[in-house]
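Below is a structure I'd like to ask you about.
Residue numbering begins at 1 within each chain, and the chains themselves are lettered A, B, C and D in the order written.
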Amino acid sequence: MSTPTSIIPDAEAAHPEFYEALAAQHVKALWTIPGTLAPEPTLDEVPYVWHARDLWPLLEKAAEFISPDDAERRAFNASNPKRVFGTSHNLVAGYQMVLPGETAPAHRHTPSAIRLMLRGGGITTVEGEPVWMERGDLVLTPPVSWHDHRHPGDEPMIWLDGLDVPFVRGQHAQFAEEYPNEQLQDLTRPQDASVAEYGVGLVPAHSTWTRKHSPLNKYAYSTTRPALLRLWEVEGSPTSGSTLEYVNPLTGGPVIPTISSYLSYIPEGGASKPERHTPSKIFCVLEGGGHSIINGERFDWEENDFFVVPSWHWYQHIADQGDAVLYSLSDWPIYEPFDLVRREVRDEYPQL
Amino acid sequence: MSTPTSIIPDAEAAHPEFYEALAAQHVKALWTIPGTLAPEPTLDEVPYVWHARDLWPLLEKAAEFISPDDAERRAFNASNPKRVFGTSHNLVAGYQMVLPGETAPAHRHTPSAIRLMLRGGGITTVEGEPVWMERGDLVLTPPVSWHDHRHPGDEPMIWLDGLDVPFVRGQHAQFAEEYPNEQLQDLTRPQDASVAEYGVGLVPAHSTWTRKHSPLNKYAYSTTRPALLRLWEVEGSPTSGSTLEYVNPLTGGPVIPTISSYLSYIPEGGASKPERHTPSKIFCVLEGGGHSIINGERFDWEENDFFVVPSWHWYQHIADQGDAVLYSLSDWPIYEPFDLVRREVRDEYPQL
Amino acid sequence: MSTPTSIIPDAEAAHPEFYEALAAQHVKALWTIPGTLAPEPTLDEVPYVWHARDLWPLLEKAAEFISPDDAERRAFNASNPKRVFGTSHNLVAGYQMVLPGETAPAHRHTPSAIRLMLRGGGITTVEGEPVWMERGDLVLTPPVSWHDHRHPGDEPMIWLDGLDVPFVRGQHAQFAEEYPNEQLQDLTRPQDASVAEYGVGLVPAHSTWTRKHSPLNKYAYSTTRPALLRLWEVEGSPTSGSTLEYVNPLTGGPVIPTISSYLSYIPEGGASKPERHTPSKIFCVLEGGGHSIINGERFDWEENDFFVVPSWHWYQHIADQGDAVLYSLSDWPIYEPFDLVRREVRDEYPQL
Amino acid sequence: MSTPTSIIPDAEAAHPEFYEALAAQHVKALWTIPGTLAPEPTLDEVPYVWHARDLWPLLEKAAEFISPDDAERRAFNASNPKRVFGTSHNLVAGYQMVLPGETAPAHRHTPSAIRLMLRGGGITTVEGEPVWMERGDLVLTPPVSWHDHRHPGDEPMIWLDGLDVPFVRGQHAQFAEEYPNEQLQDLTRPQDASVAEYGVGLVPAHSTWTRKHSPLNKYAYSTTRPALLRLWEVEGSPTSGSTLEYVNPLTGGPVIPTISSYLSYIPEGGASKPERHTPSKIFCVLEGGGHSIINGERFDWEENDFFVVPSWHWYQHIADQGDAVLYSLSDWPIYEPFDLVRREVRDEYPQL
């Protein structure tokens, strides 16, 4: 099948001086540019799993010679093997570690972050509200919101960071600033105040919230996990499980304007339905072990691992070892305003 | 001060034949119509309290000679003392009683209803989903949704109905129909399925809900009461308490397109701040006893009573006997699309 | 067919003391209230035509003894023959006349108005912008916007007023005030400035408009009439004509939050398709003559007449004398937020 | 000032084996990645002018050996001198030429295009509607809409193409397809039908349009140019002129979900106010000649030239030769859903 824009082979060979003149003008002939209007997306990113068993020891190693005083954040960024920067074209994920007694100073920036707590417990302060985080909790540090991290406990804490830096930076829209005068911001609200306000599906009367992100800074695993299991009991498939989306209680939309978040349950021996979609997704394993088939290739994962499913790749998750609970984040909200979401779900894995 | 449209006194006396000619044409001269453009709302509805101690015995009396088989619903409608129909101009409230073993057959209609459970326990089925109700639970029967009531228990159940019949009927937009062929609708969903889906501030991924009302059919008191107290602890005023709004988890807006709902806490000895607003409100006492000052007049209330605060009346609630928990419903959403909400809050009760 | 709520005949006769006790409590038993949940809207308003040939002479008569100095506005209100006030339950229409040299002082109010110019030319000032009006022009005086009228010409001017006073007053949300200190407001903008800004389907870059009504104060007949004919030529039915809606250029929605406006063309000998809908409509004849069949009854009209089609009445317009151009206004936007619009269109007039 | 994320110089030199281990895991330490959270956008694209005097002769040359039969489109793409593809990171612009008698076959794709006609006249067919284009007309070929080009005239036609291919392709969301079976699509609608429907700020009653882009396929210069001058007369600055935005008449939003369009007037001797913003803009000169100062550097332009102002570059246009009319397109709508628009306007050009 011809593509909507035809490339003319060897066009340049026939009239070299013409194409040199174009190049001198910073112009290209449409018939010489491959893929300008290709019929399907080019799959130039690859699926990949990052294993906690490999990376957490390296974090501990880093703790020997890097402190937040030096680096602000002791954080790793997972780069898609086909990219210089970014786990996918819009998102970057990675582990971050804070040791007991350490603090990471306050700053704010146009990129947004989610934090999925994996080990230990500690505090992220968001716009004056200290938020207690423990395993499985999702904590938001929304766009242009002051945030810092504190560790009052006695065990190293590790979480998964997920940010939209590749998107925001690619849009030349990244702005960032240090908190004035001091390392940590002032605490101006009670601990977990936003959970008291917005945490159960009710909202304070006459709320004056006008930002686009969720006013709720934490979605506690003690709430989300039972909700997921209850949904599965009531409506889930015995084999393919259930998925909940974390939402902004004031809009029903994504928690962050650019990042949506999900929690999926797959019972042991079950498998999610094969699907593909234009947005990319990054999964992190909260419970269980298993593997995913991504565009026909097998990727094994266990607790605390995370992996990327790039745009338009078929994928299916299989829960091999215990019931699986998978958290995921996605750049889905970047596609929706422009009608760029395409999604296919099948009962059987397609022949590729 | 002159009003924006001046009435000319005795205009008709000077030219009687002219005004008779107008009347014959079904026309009135603007300068003879009082209040067409009055500077402030006319307060032609009055505050009033309906007491459970008076009305519940009458419900029991009614049970002696009226069954749902005769009447479909054994329900009372509270009429504002200044109105033929309607507790306020948009809303009607009242008690409904179902006895053990009784059923109230399925129907649906463009008017919407909320049910606030006050006594006993039983089931309202909404669009195929049986919803278990017990004291303090808020259950929705949204517009054009099949609903019926069943009573598997052994104690009479009584709830507060709140409907928008005056508004919908006043708009000549009331349509209603009986469920085909049978008394009770088919049960097509598990019990409390919508609570599993939407009950904790998360939503099923890829939800395809498109109706304007909340997809959540029940807001359980076991969830809402602790949330209210937690909000008060974290952010509430020691004296004036706190108020949560029940919201549609997909929009952050009202649970029903025409009816919003709230839950307020006032600690014993405290009082809400004096306020007035153009929408009307109906309050129902879930806990405690006290009184309200409405446009300068005192109204006492105790558990299970309900009372109306008409449009643009100043009101303040005082918790005299124990901590008070007040549920309320309002026609607020009818005002918002048209920028007709006006609201004033004061620290001190105004001189009237 | 039984209705969703059954009335029990003679219920009161069997237990008079019970129903007296209820009445003393300002309560009614649901089974004694006719129509609470009637299956279809009650048609308690009637269609009616107001004729310019009858009313314009009465306006001239009124000019002999009523001036805007006395009455602020020399305006008639058309009352539905079945209502004390209001042409329909939400809208009131009527003629207004201003003589050369007269002025009508500035005021503003929560009710909104449209003005359809019928005779002569003059100026309505809206929020500091003088707007020139001539035959067929639609001029808005939106909610809470200062407006006054001036007449620099030499011929009496007459227009059709259309307001939402019945709705706003029924909601107890009417507020109105006089312009401070002086009769006419200051002119702070060039004449027809909003037409320059928004009048051709483009908008000023970085517009900061936040009100819900249209920023465009005038829709000139010199623009709307050719647009209507062009639409008909390109897409219209040879017999049933075409209809355009006036819209807010920033939303595509109605020009006023509570009032939508339309312009319809029916070629001579043609007829609009029979339809009915829950919203009400008021039509005014800009060109041609004809008649309408409204719920089976014939109503004749000619230029400058206006007539009301109440809620849920079948209607069809027939253009008997020349091509007809009908302007109409409706309370349609009051129904939309609450999913209360029902509309049926047929090819043949239904048997009633 | 330190940046919100500190880079540790020579970190890798101190522990080379550690960083090698990270690299082997496709992970980078945050403290080694420059610019991850830089305080301001990196300006890695450059301003540039493409001159018609240079490129139109090359188009004519191309016509000697490339036909639409070979290449589908005889089009040039302007590449930012600092990019491999794309005039800016989201947009690509360029000239396209069609000769008398030629046709460019129908296709559709997720990327969108605008066409600004510069020379000659011809037809673009959009979803079955033939749209006549002549100088200054803006014609849309919206996402996933069939479009082809036909040339019934006798003079070569040239227009400016503007597309969002870099954005859509970067999101891996590009899908494209050929029209089935034939070269040109069927004509199913009258010529310029959408202009009849939506072209004057009114819309067909009961419009059922649900797509996100404008239903209006053409904004004719015969309408937009007088509107621009009229706006300037009424509200414009004597020196800095006026700017209108082309809008979707159903939303007041951009004509295409990803691309906004503007028309600016600067009187001879005047200059636009200096401004910068995160979105990029591409300008095309419809009338007059002049120059722009972009981040301190001078760029001269004359009729039919186009030039790019990249993200966050200060720019000011000066009309040297006659009154200037500048069309522009922007990726502004890509920034708005995510609150990524930042814009500054000054009276004086800033010191850089």
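By definition in this document, a contact is a pair of C-beta atoms (placed from the backbone, for glycine too) under 8 Å apart; a residue touches a chain by one contact, two chains touch by 3 or more.
Quantities reported herein were computed from a predicted structural model and do not represent experimental measurements.
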| request: Please identify each chain that touches subunit C as well as subunit D. | output: none
| said: Taking the mean of the C-alpha atoms as each chain's centre, how many Å separate subunit B from subunit D? | reply: 52
| field | Rounded Å distance, subunit B centre to subunit C centre (Cα mean) | value | 30
| request: Could you tell me which residues belong to subunit B and also touch two or more other chains? | output: none
| said: By the document's touch rule, what are all the touching chain pairs in this structure? | reply: A-B, A-D, B-C, C-D
| task | Would you pull the subunit A residues touching subunit B in the complex into a rising list? | result | 190, 192-193, 196-207, 216, 219, 223-224, 227-228, 230-231, 233-235, 242-252, 262-264
| request: Report the residues of subunit D in contact with subunit A in the complex, numbered from low to high. | output: 1-6, 8, 11, 14-15, 18, 21-22, 25-31, 33, 35-45, 48, 50, 54-55, 58, 61-62, 65-66, 70-81, 85, 89-90, 94, 107-111, 143-144, 165, 168-178, 211-212, 257-258, 278, 280, 310-312, 333-335, 337-340, 342
